[in-house]
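Each of the next two complexes has subunit A plus one more chain, namely subunit B in the first and subunit C in the second.
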Partner chain A sequence: MSDTCFNVLINVLRGIQPDLAERSIAREDSMVVLGIDSVDRLEVLLLAMEELHVDASLTRFHGAANLGELADMLHACRTG
Partner chain B sequence: MPAERADPVVTGIGVATGFGYGKQALLDGLMSGRDIFTLLSRPGRANLSGQPPFIGIELADPPSVLPQRVARITGLTGQVGASVLHEAWHEAGLDDVDPERIGLIVGGSNLQGRAALEAHSAFAAGRRVVSPHLAYTMFDSDLCGLFTSLFPIRGLAQTVGAASASGAVAVLEAAEAVRSGRVDVCIAIGALQDVSAVELRAFQALGVLAEPEMLPGDACRPFDRQRRGFVFGEACAALVVSRTGEGYGRISGAHRASGNRGPEPSLDGERRVIALALQGAGVAATRIDYVNAHGTGTPLGDETEVAAIMASGLGHAWVNASKSLIGHGIAAAGALELAATLLQMRAGRLHPTRNLADPMDGPRFVRDEAVACEIRHALSLSFGFGGFDTAILVQAP
Partner chain C sequence: MMVGIEALNVYGGAATIDVGILCNHRGLERLRTENLMMREKTMALPNEDPVSFAVTAAKPLIDALDPAVRARIEMVITCTESGIDFGKSISTYVQDLLGLPRNCRLFEIKQACYSATAGLQMAVNFVLSNTSPGAKALVIGTDISRFAQADERAIQEWAYSEPTSGAGAVAMLIGDQPTLLRLDAGAYGNHGYEVMDTCRPGPDTEAGDADLSLMAYLECCEGSWRDYARRVEGADLNKTFGRLCFHTPFGGMVKGAHRHLMRRFAKATPAVIEADFHQRVMPGLEYGQRVGNIAGGSLYLVLASTIDAGADGQRLGMFSYGSGCCSEFFSGVVPAGAQALLAEMRIGAVLDRRRLLSIEEYEALLRGGKALRFGVRDTVPDADLSALAPDSASPRLVLEKIVGYHRQYRWV
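What follows is the complex of A and B.
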C-alpha cells in the first residue's frame, strides 16, 4: 500500500508549511491547490524520498496529478 | 528633461545593531557608550575545539515583517534586511512613489557564510538532499529578489561588492542612480554579513581580528595604542536616497580603487578619496566639522587612516569610531556608519569612542563622553580589502 508514502508526504508537507497543520489533506488534493509553489513542491518530494529511502530520478515523478498519485509513484519505486 | 545634477538627499533610514532595531535604539546606544560585546554563539560560529570563542555582537531576533512561508526560506541577512528596509521605506513615505522610479542597491558579497557552511557540512557528511531553494538563495542577489517581492521596487535592482566598503559603495551608487536621472529614489542597503566560524578563523589567521583571549568589552579599541584588531558585529542599514525632500542631509562622495589586492590599506588612496569628496562638493577641508572614521582597530588600518586624516587638513575636526560600540559589520559598516553620521548630525551630538584610553597622536577624538557639536559638514570614511577607498560627504539640510 502507498499509505505509508502518503503519510510521509503529508508529514513533510506540514513540516515545510506549518499553516497546513490544521487542514485535512486527502489523496485527491494536489500541492498546487494547497498553495505550494514549484520549489517547495520539489523540496517536499526530495525530503519524502530521503525519508522513504527512494533513490530515483525526479523526472520519474512528473505527471503526478495529486498527492495520492505521487504516493503511488513513490511506493512503486520502493517495491519495484 | 535633463536630469538635475544637485546632490541627492537621504530621506529615510532603517538600522539594526546590537543596540536593537531602529534609529532611536542606535542613537541612544551610541551616545550611552554602553558595552554590548560578548561571545558569539550562533550556530556555525563556534571556534575550533580548545580555542576560545570568538568575540563580537549578535542581534536580537528581527521584528517579524515576513509572511511565514517567506520567513522559512529566508536567512538572517534577508530577515534583518527586510526589517530595516521596512523602517526606511515608511519614514521616506515611498508608498506614494511610482515603483518604476524606485531602485535598490544592496551592498555586500558572500553574505551568507553560515548558511553556506551548514549546507557544505551536511553535504560533506553524506546527506543527499540539498534544498532546492539553495539554488537561488545562495546568490547575494537573492536579496534583491526578496526585497523587490516585498516592496514595490520596479526600477533597477542589483548588488555591489566592495568588502568592508560595500555599504558605502551601495550608497554612492544609489546617489549616482538618482543624480543621473535613472530613478528618482534609490534605496541603498548595507547588508548583514552573516559570517561563519571558517571566515572568522581566516580573519584570525590574517592577524586582523582582535585577540579572543581579551575580555569581550576590552577587545575593540579603535585608535587606541593597545588596539589589536577588529571585532565582528552583526549590523544592517538601509538609506533612502532621493532627488528631492528635506531629509537628513545631502550626500556626495568618491569611490576609487587603490590598486591593492588583499588587506593592505593605502594612504595615497585614502587621501585621494577624501580630496575628491571635498572637491566634488566644493567644501574646503576646514569646513568639515566631523569625521566618522572607518576605525576598525587594526594596527595598520588605524595608523594609515590617522595619517590620511591629518594629511588631508582634517586635524581640527572631531573624529569618532562607531565600530568601537557596535563592532565591524563588514558589508554593512559603510551604510551603517553613514546612518550614524546623519543621526548624530540631526541630534547635534557626537558619540564617544569606547576604549580610547591611550589615543594615537593627531586627530581630535571624541573619547569617553559624548560631545555636543553643531555639524554642518561631515565625512564618513570606509575602506575595504581589495583596495576599495570611499569617502562620503554629508551637508546638513
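What follows is the complex of A and C.
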C-alpha cells in the first residue's frame, strides 16, 4: 500500500504550507485545489522523494490527478 | 587559446508595464505573483519585431568597434523562437542593417530558450577551431511575445505566464579577446530529451504545462550539472563558482532550482541556501525583473546583470534550458575590468527611458490594431499604437512597412 508515501507527502506539504496543519487532507485532494503554487508543488515532490529514497525521473510523476495518485506513483517507484 | 564574450549589449524595448499593477488588474493572487519576482515587463510595439530588437541591441557594439575589427565578423547567428519566416533568417537583415561584411555565415538557431547558448557554443567552437584566425562572430538572442491578442479566453489561459512574458534582445560579440567573459573551454555538461512541456505550435500561440515544464527544467538542471561535474575534475557547486546564472522564466523558478541543487549536491541547510541565493544568484535577476522572460536571451540578461552588479575575477556557473528539451551547464571567468567595460552600455539607464504604459494602453496593444502577423505580405504598422513610445525613448530601429514580404526599417 502507498499509505507510507501518502503520509510522507502530507507531512512535507504541511511543512511547506503551515496553514494546512489543522485541515484534514484526503487522497482525493490535489495540491492545486489546496492552493499550492507550481514551484511549491514540485518542492513537495522533491522532498518526499528524498525522504522515501526514491531516485526516478521527475517527469515520471507528471499527470497525477491528486495526492493519492502521486502517493501510488511514489510507492510504485519504491517497489520497482 | 582564449575564447569568450568580447562585448555585450541588451535592448529591452521602448515600452513597459508595471507587473504588480497588471497582476492586480487580472485579479491574480498576490502571494503567487510575489513568487514570480517580477517588477516590469517589456511590451513590443506594433512597429517592433525580432529584427528591430536584434539590430538595436547590436548597434552600439558594432559602432564601438575599430573598422578593422568589424571587418573580421565572419558569422552572424540569430537565436529565436520568434522567427519571421520559415526559410530566410533574421541574421540576413541584421547583417545588412548593421553594414557587416558579406564574407559572413548567416543563419538562425531554434531550440526554445536554449537557442542563444547553442549559438554561443557554435561561435565559441568556430573561434577555437582557428580555421580563420582572429575571426569574430556576432550572436544575438532576440524574442518578443505577442500572444493573447484580441482573445479574452486566451488571456485567461495565459494567466501566470502573462506577467512574465517579455520582449528583448541580447547581442554578444564572440572572439579570442574575451574582455567580459572568458569561457572555460571544454567545461560543459548537457542534458536533453524529448518532452512536450512548452511549445509554439503556431506563430502567435504558445502552449504548455507549467508542472511538466518545471519538472523538465529541474531534471535538466541536475542532469547537466552531473555531466559538467563528470567532465570537470574537482568541480564543486558550492566552491567553484562565485556567481550562479540560471535561465530565468521567472525568479521563483530559479529560487526553486537553486534550492534543489544546493540541497542535493552541497547538503546545505535552508538558512545557508537562502544566504547563498542572495549572494550568488540574486545579483543576476535585476534586468530580467525589468524586462521579463525573453527566451533565448534570458540567460544573457542574467549574465549582464551579474557583471554590472560586480563580478570581476569571479567564475560563473551558467545554466541554460530550452523546452522540448535541451540544456547545458557551462562556466567562465569574468576578467578584471569587465564591470567598467559593460557599464559603458548603460543598460539600466536605457531601460529607465522606456515609456511606462497604462493598463488601457497595454490592453490596446494586446488587441493589436494592425498587428504584425506571421506571413503578412504587405502592411504598415499601426501608427497610433506605435507612437505609445516617443521616438526619443532611445535610438532604435523600427519597422516602417512590409512590401512583398520584405521588411523595411528606419532609425528613430
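Assume the second predicted complex is superposed on the first by the 80 of 80 C-alpha atoms of A that agree within 3 Å, B and C clash if a C-alpha of one lies under 4 Å from a C-alpha of the other, contacts with A are read in each partner's own complex, and residues count from 1 in each chain.
Here is the rule we use: contacts are C-beta pairs under 8 Å (C-beta built on N, C-alpha and C of every residue); 3 or more make two chains touch, one makes a residue touch a chain.
Since this is a predicted model, take the numbers as computed values, not measurements.
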With both structures lined up on subunit A, is it a clash or a fit for subunit B and subunit C? clash
Going by the contact rule set out at the top, does A:L46 touch subunit B (first), subunit C (second), both, or neither? both
Once the shared chain is lined up, is A:Q17 touching subunit B (first), subunit C (second), both, or neither of them? first
Could you say whether A:A65 touches subunit B, subunit C, both of them, or neither, answering first, second, both or neither? neither
Of the partners subunit B and subunit C, which touch A:V33 in the superposed model: first, second, both, neither? neither
Which subunit A residues are contacted by subunit C in one complex and by subunit B in the other? 39, 42-43, 46, 50
Within their complex, subunit C touches subunit A through residues 31-32, 35, 160, 195, 209-212, 214-216, 218-219, 252-253, 255-256, 259-260, 263
Under the definition above, what is the set of subunit A residues touching subunit B in their complex? 16-19, 39-40, 42-43, 46-47, 49-50
In the complex with subunit A, residue positions of subunit B that touch it: 68-69, 72, 128-129, 131-133, 136
Subunit C partner contacts - residues on subunit A that touch it in the complex: 37-39, 41-43, 46, 50, 57-59, 61-62
